[in-house]
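We just call them A, B, C, D, E and F in the order they show up, numbering each chain from 1.
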Amino acid sequence: MKYSLIIYGAPHVSQAPASALAFARAALEAGHELRRVFFYADGTLTANALTIPPEDESDVMQDWATLAQAHDIELAVCIAAALKRGLLNAEEASRHEKSGGNAHPAFVITGLGQLVDSLIDADRVISFHA
Amino acid sequence: MPARHVLFVLRHAPYDGAAAWEALDAMLVTGVFDQQVSALFLDDAVWQLLPDQQADRIGRRNVGKALTALPDYGIEQLFVSSSALAQRGIDAKGLAVPVTLVSETEAASLIQRQDVVLSG
Amino acid sequence: MSTLHLANHGGPTHPGLRSCLQYVQSGDVILLYEDGVYAAVMALWEKLGAGRELPDIKLYVLDTDVQARGLDDRLHPDAKQIDYAGFVRLTEACQPVVSWP
Amino acid sequence: MSTLHLANHGGPTHPGLRSCLQYVQSGDVILLYEDGVYAAVMALWEKLGAGRELPDIKLYVLDTDVQARGLDDRLHPDAKQIDYAGFVRLTEACQPVVSWP
Amino acid sequence: MPARHVLFVLRHAPYDGAAAWEALDAMLVTGVFDQQVSALFLDDAVWQLLPDQQADRIGRRNVGKALTALPDYGIEQLFVSSSALAQRGIDAKGLAVPVTLVSETEAASLIQRQDVVLSG
Amino acid sequence: MKYSLIIYGAPHVSQAPASALAFARAALEAGHELRRVFFYADGTLTANALTIPPEDESDVMQDWATLAQAHDIELAVCIAAALKRGLLNAEEASRHEKSGGNAHPAFVITGLGQLVDSLIDADRVISFHA
C-alpha cells in the first residue's frame, strides 16, 4: 500500500517524530511504499539542524535523514509553519534578509500543495500529533 | 483520479496555539486541489465560530473572519456538534458562517464515510 | 495574604482549571486569562458550581482576552473584567501567585 | 471497513480521548500509544466504561510505550499489546485512520 | 538573606513533552542554591513515581530513576496527592522514591505557605 | 516591588511571550522593578532571530528586545532548554560545531542558576505558561 505520514510535533518535546519514525520503519519492512513525509505545525522543527539532542536521547533528525536517504523518501516541511517558528533554509533566509538558514539539507521546504498531493495519492494517511 | 473525501476534525479554540489557523490553511489548499472537503467542529473548536472576535487585541489574526472565506473556496460542508454548542450556551443562529448541526451519531457516521481524516 | 491563581486554559474539563478549583481556598483570587476566559462563560461557570461547592473566592477575567474571543456578552456576572494594570494590582495584593497551565 | 482511532494522550479526562470514545462505533478499533496508554490502566479503563456503555470495539496498546512508562502489570485485560509491526497491520485493515490528539 | 520556601507543583506525566525533566532540573538547581524546596505531585505527575520505567524503549531518559537523586540534593519534601494515586490504582508503597501522601486540603494549605510556587 | 517573570511558551504558537510582555509593560508603568525575565522550556524559542512573524501579527521578539533595552532588563534564556530546541548563540554554535547561531543578541544564554537568583531576589514571581 502507499502510505503518507504527517508529523505535527517537535522532537525532544513531543514523541511525534520518534513514533512516526518507528512506524515508518515497520511499514517499509512490511513492504509498503512511503514516498513522502510531511512535517507540519511544530513538526517543522524536526528539520532544525541546530538542535543538540539531550545526552542519552536519540537524534531524531539524523535518524529521519538516514531513513529518507536509504529509502528515497521526501522529507517535506511546510514553509508557512516553518517561517513563523524560525526555521529557514538558505534561500528563505536570504529572501528575508537573515544571516543564514538552520534547516538540515535532507529536508525540503515546500508548500501545503505537497501535503494535498500526498493525501490524493495515498491508500493510508497517518497523522502523528504532539 | 476521482476527488477524495477529506474531513478535517477541528477541536481547538481559535487562539489555542496555531492549531486553528494551520487547519484552516490546510483546508483551503485541499479545497483548491478540488477534493471533497468538509469540516467537523467539535469541543472547543465551536468557539472559532463566534462572530465578534477582535483578535487584534492580542496581536493575532481573526479566525472567525477567516472562516467566512471557506465558501469562496468551495468548502461549504461545515458540520458542528450540537452538543458542543449547547454545553457552551452558544446559539446556532448568528454564527460567523453557515453550518449544519449534527448529533454524535451523525458525526460518527460522517467520519466513517471519509477517505482521509485530518485533525486540527 | 490571599493566593492568586492564574488559569490560562480552556473549558471546565481542562485539567489545569480543574486542579485550580480543587486547591483554591476561601478568600483566594482567581484570574482567568488567555483561553482561561472561556471558563467564565455563563453556561460553563454555572456548571463548575453545580458539581461542587466553590469556596468564597473572587473571580477576574482579562479584558483583552475576552474581547479577542468575542465573549463580551457571554460572561457570568460574577466574573469581573480587568486590564493588565488590574492584573498587576492583583499580584501586588496576593502572595504566592500560582499558575495552573 | 472499520475505522482506526489513534489516541496519544493521557487519562480518561483528556479531551482527545473523551472525544475519541464519543465518536467510536461498534466494530471500530482503538490504538492507544504514547501517553494514550495510561487510559488502558485497569482503574482508569474501568471508569471509562462505568459512565457510559462503550460499543463493541477492539482495544490495543503499543508495547514500547507501555514498557517505557512501567505499566506492564497494570493494564486492563481487554487491552492487547502490539508492536509497531502490529500497528502497521491495523492500518492495513482499517480505513480511515483518525487521530485524537 | 533567609532561604525561601519554593514549591514545585508537578502535573505532567513523565514523558509528556519535556515538562517533567525541565521541572526536575529546576528543582535540583534550586536545591543547590540552599532554598527550602518541596514538590507536590498532582494529576498525571504521579505517573512519574512508578518504579519500573524503561524510557530507553522510546529513546528518552528515565524520569523515575532521576527522581531518586532528589534526596541527594537535599530535596526530601515530596508530597503526593493521595486521590491522584487512588484514581489511577497506584499503591503508595513501592514508588520510586519515598513520599508523603496529602489530602486536597493539606495540599491547598501547603501551597498557601510558600514564598514562590512554580508549575511543571 | 521587585518582579521576576518566567516565560514557558513559544511566540506565535502560545500567547505566553505576548501576555508576559503586556504584563511587564503594565508592571513597569506601575513603578515596579523588573531586572530579569527568564525564558524556559519552549519559551526559549522567543529568542530565535530567524522567526518570521505571520503578517498582521506582532513581532514579539523585537518587542521584548525593545522593552529590555529601554528599561535595562536582562533577557535570560536557559541553555539546556535552548540547546535541545535548536536555539544557539555564536559561542554555543562553535562549541557544538554548527555553522552559526540563531539567537538574537538582545538575549543572554545562561544557566538555571539565573532563574534561582531571580526567585531569591523577587517579591513576586509570575509564570507565563504555554
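Basically, a residue touches a chain if its C-beta (ideal position, glycine included) is under 8 Å from a C-beta of that chain, and two chains touch if they have at least 3 such contacts.
Because the structure is predicted, anything quoted here is derived from the model rather than measured.
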Ordered by label, the neighbours common to subunit B and subunit D are A, C
Hop count on the shortest chain-contact route linking subunit B and subunit E comes to 2
Contact steps required, at the very least, to link subunit A with subunit F come to 1
Relative to subunit D, the most remote chain by C-alpha centroid is chain F
Farthest CA centroid from subunit B: chain E
Check: interface with higher C-beta contact count, B-F vs B-C, is B-C
Here the gap between subunit E and subunit F, centre to centre from mean Cα coordinates and rounded to Å, is 26
Cα centre of subunit A to Cα centre of subunit E, whole Å, reads 34
Subunit F residues touching 2+ other chains are 12-13, 15, 54, 57, 80, 84, 125, 127, 129-130
Shared-interface residues of subunit D (touching two or more other chains) are 15, 34, 64, 95-97, 99, 101
Contacts with two or more other chains occur in subunit B at residues 15, 18, 43-44, 56, 58, 60, 116-117, 119
Listing every touching pair of chains gives A-B, A-D, A-E, A-F, B-C, B-D, B-F, C-D, C-E, C-F, D-E, E-F
Touching subunit C in the complex, subunit B uses residues 13-16, 43-44, 47, 50-58, 60, 64, 87-89
The residues of subunit D that touch subunit B in their complex are 3, 15-16, 19, 22-25, 95-101
So, in the complex, the side of subunit B touching subunit F is made of residues 15, 17-18, 21, 56, 58-61
Interface with subunit F, subunit A side, in the complex: residues 10, 12-13, 42, 45, 48-54, 57, 80, 83-88, 93, 96, 98-102
The residues of subunit A that touch subunit B in their complex are 6, 40-41, 80-81, 84, 111-113, 115-117, 119-120, 122, 125, 127, 129
